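Okay, so chain A shows up in both of these, paired with chain B first and chain C after.
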Partner chain A sequence: MTVVEFLGCMFLAFGPPFFMFILTIAHDPVRIIILIAAAFFWLLSLLISSFWWFIVYPLRNDLVFGVIFSVIFQEFFRGVIYSILRRAQIGLTKLTDDTTTLIENKHILAYVSGLGFGIISGAFSLINVLADSVGPGTMGLKSGTEMFFISSSTITLCFILLHTFWGVIFFDAMDKKNTLVITAVVVSHLLVSCLTLLNRYQVYYYTIVPIAIICALTGLFAFKTAGGSYKGFKSSFVYR
Partner chain B sequence: MLLVKYGLILLIFKLFPLCCNGDRIKHRMYIDINASTSCFRRLNATHQVGCSSKRAGATGVAHFCEVENDLTFILKNGNAGPYIPILPVSLWSKKILQTLEKSSKVSGLLLYMNNETLVSFSHDLQCPNENYGVENTCSKTDDLKWNSGGTGILFENIRFPVFYIDKHDDIKTVRDCFNKFNNYSYDTQRDRSLCSVQLNSFMFGAKNTPTCIRRSNIATNLNPVRVCDPLGDKNVWASLFPLATYDEKTDKIKPILGQKYIVVAARTDTASFFDRTSGADSPITGLVTLLAVAKLLKQMLPKNENYNTNVLFILFNGETFDYIGSQRVLYDMQNGNFPIETQNGTAEIFPVIKPSDISLFIELSQLSRGDGRVFAHLYKVDSKNTNFTERLRTNMAASISLQKSEGTLPPSSVQTFLKKYENLSTIILTNHLRAFSNKFYNSIFDNSTNINYEYLNIGPSSIQQHLSDVANTISKSIFEEITGQTYTAQNQKVSELVDELLHCYLENPNCKIFQAVGKQPQQQQNRPFNLYVGVDGNTNKATTLLGFVLGWFVGDIVGESNENCTNISKNYAFRFYNMSVSMNDLNNTMCFRMVMNFTEAVSPAFIIKDYDWSSNLYSSWSESTWGEINMRLFLKPSTSHESMTMAVGCLSLLFSSILVYFIKSRSHILFTPESIQPSPVDC
Partner chain C sequence: MELMDGHVATKTSSGQGNSRHALPNDNKRRDRRDHPSDSGDASGNRETERNEQSRTSGQSRRHSIDIPSEMSRHEEEEELKYGAKHVIKLFAPVSLCMVVVVATINTVDFYSVKDMYLVYTPFHEESSETTTKVWNAAANSLILMCVIVIMTILLILLYKYRCYKTIHGWLIISSLMLLSIFSYLYLEEVLRAYDIPMDYPTLLFGMWNFGVMGMICIHWQGPLKLQQAYLIFIAALMALVFIKYLPEWTTWAVLAVISIWDLIAVLMPKGPLRILVETAQERNEQIFPALIYSSTYMYTSVTAADDSSTRTSNTSPDEHGFTRDWVDNHEERAARRRVDEPQTGGRSTTGNQANQPSAYDEEERGVKLGLGDFIFYSVLVGKASSYGDWNTTLACFVAILIGLCLTLLLLAIFQKALPALPISITFGLVFYFITKQIVTPFSDSLSNEQVFI
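Right after this comes the complex of A and B.
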């Protein structure tokens, strides 16, 4: 029985976001609300994407078309939630007990909404696959390899993390009106999404490795954007 | 605006079926084998027999075997179990079953059709229906085992599911899958993904009939679940002459009382280990001969000219499972409910026929040609059956020799009657003296090859000619028995009719005869009818058609074919149908009047109130219900791959928890917040 495979894949893809949620979000109701709101806006982008895919009948079988427009819609809605959050920020601070941190560190809002984007997109891309992995079988009978499930989970994990990082970078760039960085976010999102198109050739190593590298680089950039530095990193070990 | 709205909705609904044929990952992981049939579970008063899978289905690694050694090899050396061996159906024997039952490496069995010539293949018992017939008519020790090749697997309780596939494409799919993934370096099978089979045939009924009937009747919610159904269908009966007179002026029906009856009987059902039957020798040869006799007798004796003997044709259903049909007919006869149900046994439309009204009981059993001999089994010899046997001997065609066998009683419906009325005069006509000459009794191989049948090939030594000779002999003898005169006219030619009937039952149910009686050409399946008795309340189409064919043969033309034929008459002594005049002239229909009807063929055990199940008086077979029966192929991941996935997942979980906790607890050091002016807050 491959319940084992199911659990393994679930832990791999949803373990890190789960701990991020428990340890950094769950204690504050306002953060939960923002997370859910962000997820909702991602769903709206999915809806628009599917409508668009549906209307443009002749290109329906071209996955590239769907992917590119889906990315554009997702980034558009990231912009929408940015402007909404920035307007709602004052009101939000009234609600929360944790006023100081929310005001002092504007990256928290960005991180929370980014994670919301990531979790919902991860859920939508992986849950169908996970549901089928429970059965007695695995991939590889007609086509595909048995690495399919674990590869899908890894890519999903990367996407969840990437969405979080992009959230932080994007919000900061919007604050600073830095068009270059905004473009960089959109382009890297496009790049990573298009890399997954290679999955149909079952060359999973050639997609996972670049995606993981991009994920790590974006993570470092987000770390820096959020005010992190090598010095701080070093001192964090020394403290206590 | 409204128009636009509805236009959009319409557009979406129109476009929807064009796209989105949800191609799930699942569809790439499994190959469904639709054309598979399964062995299922039956229950009697004390036992459960047949097979069932676990609720979620049985899974196992496929192992395709060509010969028995392949099976022995995997049972000895297989290390990636449990296995589902895929065996040629010719290997399916008691010995193999015992081997598989003993092995802990087997979780199911898949059989496939192969065209090997077999000596014997029968899964019924060596003494079929022994406990419900006359005692000491079959013994397991000496040569009086009727079904000497019988393995009895049909009545074994098997702990794993057994499926059967007979389509070449399906067999090829399974074999290819096995060759691609499994059929090399058996030592390392554990370490790689293997082609596996899932067999899903979970049976709801368990233990025995009383238990499952009780469980079916428990109303725990508004939607009670039936876990088993009694086996049953319909018996068919018809009489040569009307059983009642009809006075058109007074519109009165008066039963004709005080007549004696010659019963000509045959069985209509067979069984096999799977949900698929053939039944050429048993019951089709007997059944077709009976139909031919009916046709011939109607031509010889079109009207009742004050004879005090009538002929009753009875086709018993469910005889394979402890004589269900004949037990019920006898039970009805004893209670005055044969041929129709009556109030306190008084005749209103039909005379009440009692067992004592039967002057002679002739049963047509397996009648395939064999070595050209026909045996008349006379259990209790008396003047009536001796005389009739003499008549048969005189009338028999030169190519067939009739032999009398006294004191022997093969498994037959007659046994039910003899058990209660031992002085009944009976004759069983069959093609064997001791053991069945049919080595494929109640199995899928009792097919047209077994009786050497070829459509449209009526040679002098063909089965068609043989059966029509036998039918001629019987009908001439019955003619003499009724009229007391010698039949002098020429033999009627019925071999073409027999040919067509055999074609209907063995090859194509869209045949001319079924079309002739079925009012209009019917859309039917191309596979021959399944002659398994089935469950009560679900009449087999074959039984209905059989009744119509019998009625067609003994019926009279009473007028033009029109709506009035079936609608207007309120005469309950007859049935009226529009049918074709002959099988070669399908479009020319006439109104037929016949004395034919169906009676319930459900064991009395299920209708007697507070029946004592331990009494073993009546057949107690029931069939378990099931949700779905299906089979699919898939790739089972290797244990090492599963462990790897799990390990990666757990590592991800562990590292992320540590990392997130670390960053969270050090966040004030890691991230130096930019000092921003707090926005003016409205206090």
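Right after this comes the complex of A and C.
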């Protein structure tokens, strides 16, 4: 069960992001660099939230505290990377081969940095769990629940996708100075993170289903934001 | 599109000047070729060289004078654009090297067990007191540092007095050792770890082919990919040796000390590596091709003959005497620790090709990174992974890549050889210790409760 479970969980969590990376990012060096830069900024945000969690030791066992501040720091760093990218945009267009797409489609930068956030946050939350899943030992044999790994990787996948969507929505809202949408992003991030606090009671149906629904709705919203339409969606399946 | 136009113009203006290739200072020359219409902001250095160029290939020079000054901006943009590609061209091998090291550390116990130590590290940190450990580590790293400094100076002296044969022999012997003895040990441990039986004839046959092929590829010639693969393998092997044979704290101390030394050696006016670079440029030679990973070919002797197009054959093989390879001696490691400017590989510069945009894409400019950088990056990541925490490993990996990015950005700005270790290693060390002490407890408690942020 161990190796099979490991592979299944890994592909479940990182399969879609991996192919998003291969299909949309790997061909352009600039996008790879932005992805890694976004990952770096997420790391910085994690660092600061850990510091905060570490300093306020009376609340160290209350994860709610750490989670809420971590979300705030992450969104702050999303804002930081937004302002850096927008400022560097003119320079960036000089760097890339397909100049036109980067200028015309502002959402590419948003998407890439969002995916960078997502991949690194997913990796940080799952990679150690996955490493343990190879064995020796199996979850749920004596205590705990056997759903541990699969639920973790499902939520990780949701988070990676959510970060990507949030990236797109957030960047667009910042462009339009739409504070309502920015607040919505932060609030939905808070909501989803706080939902996962329920995982300790192992009520996975009550956490994964809402998270998946929020993920789908956010995805739809991001799709709309990026200028997608039902017609365009349909025509993307037509073979040309 | 403007960009395209710009570069085509550049190409035609400078494409024909084959005679330029006889000029000294190969690396600098590439600069000039790419900035033929550089306006006054060019450095004085480049300015003088440009005069040389105008003497030899006055024809092309005159063309480019007419090009408006925006041109130079376009060219700089191109420089940057290629910069982005170079970053990726280095990301891939650096990541590959780290992956090899991390995979080995995590599967083969041999490399994380401490039983033997290098001769250069006489203090083994066996005491349980922290202070003793600290001074042990400091002493060890200083001793190692002294060895490196002395060997570097020796190498520079040998190079200065043109003892090419000695250097060449030295490099061949050391790479032979790495490709035979160390590879054999590595293979033995891997086989043992995976419990795979193998008879000696097969092993000898395989090792012989591997070693001889490696020597041919590294010292003579072979497919570029194969050569790069061998260099990466050698760097990984060396990193594993360091991780295995250096005491715990010494490893971290050495990483810190060596990046400082790198800074001094490359940037100080009288720094040995700087002297090396300058001497090599004076002599119109590759700057120690023996010690450097390059993303393009460094020699062009064979391919040059196959068509009428003139190659920028920088040097013929017997001229520069040595080709790149790796050695386990410390001195070269220092020389390797240097990113070099993007440098001309074999690129065809026929006039008719220059008019096609595609010709531009085919043109190859390499970027060089010392193998020592590979080694110490891998040492850092490998050491971080040897404690079994993947978050730390990942953090170090991202930090090193970002450091490399910044170094290459600085390279594009300053256009001279820069030390590649300081920024990356500093980032790596900072992230390692912070992640280990602070982030890991936080993320562990998060993942225990299955809380996601």
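Rule of thumb we're sticking to: the second predicted complex is superposed on the first by the 232 of 240 C-alpha atoms of A that agree within 3 Å, B and C clash if a C-alpha of one lies under 4 Å from a C-alpha of the other, contacts with A are read in each partner's own complex, and residues count from 1 in each chain.
Everything below uses one rule, namely that a contact is a pair of C-beta atoms (placed from the backbone, for glycine too) under 8 Å apart; a residue touches a chain by one contact, two chains touch by 3 or more.
It should be emphasised that the depicted structure is a prediction, and the values quoted were computed from it without experimental measurement.
Of the two partner chains placed by superposition, chain B and chain C are both touched by A:129. Of the two partner chains, chain B is the only one touched by A:10; chain C is not.
Applying the stated contact rule after C-alpha superposition, one finds that A:84 touches neither chain B nor chain C.
Residue contacts after overlaying the shared chain place A:181 against neither chain B nor chain C. After overlaying the two complexes on the shared chain, residue contacts for A:54 are found with chain B and with chain C alike.
After overlaying the two complexes on the shared chain, residue contacts for A:190 are found with neither chain B nor chain C. In the superposition on chain A, A:29 contacts chain C only, with no contact to chain B. When the two complexes are overlaid on their common chain A, residue A:72 makes contact with neither chain B nor chain C.
In the superposition on chain A, the residues of chain A contacting both chain B and chain C are 54, 94, 128-129, 148.
Of all the residues in chain A, the ones that touch chain B in their complex are 2, 4-5, 7-12, 15-16, 19-20, 23-24, 54, 57, 60, 89-90, 93-94, 103-107, 128-129, 132-133, 135-144, 146, 148-150, 153, 157, 223, 226-229, 232-233, 235-236, 239. The residues of chain B lying in touch with chain A in their complex are 15, 19, 24-26, 28-31, 59, 177, 193, 195-196, 198, 633-638, 641-650, 652-653, 656-657, 659-662, 664, 666, 669-674, 676, 678-679, 681.
The residues of chain A lying in touch with chain C in their complex are 29-30, 32-33, 36-37, 39-40, 43, 46-47, 49-51, 53-54, 63, 66-67, 70-71, 74, 91, 94-97, 99, 120-121, 123-129, 131, 148, 151-152, 155-156, 159, 192-193, 196-197, 199-200.
Contact residues of chain C toward chain A in the complex are 3, 77, 80-81, 83-85, 87-88, 91, 388-391, 394-395, 398-399, 401-402, 405, 431, 434-435, 438-439, 441-447, 449-453.
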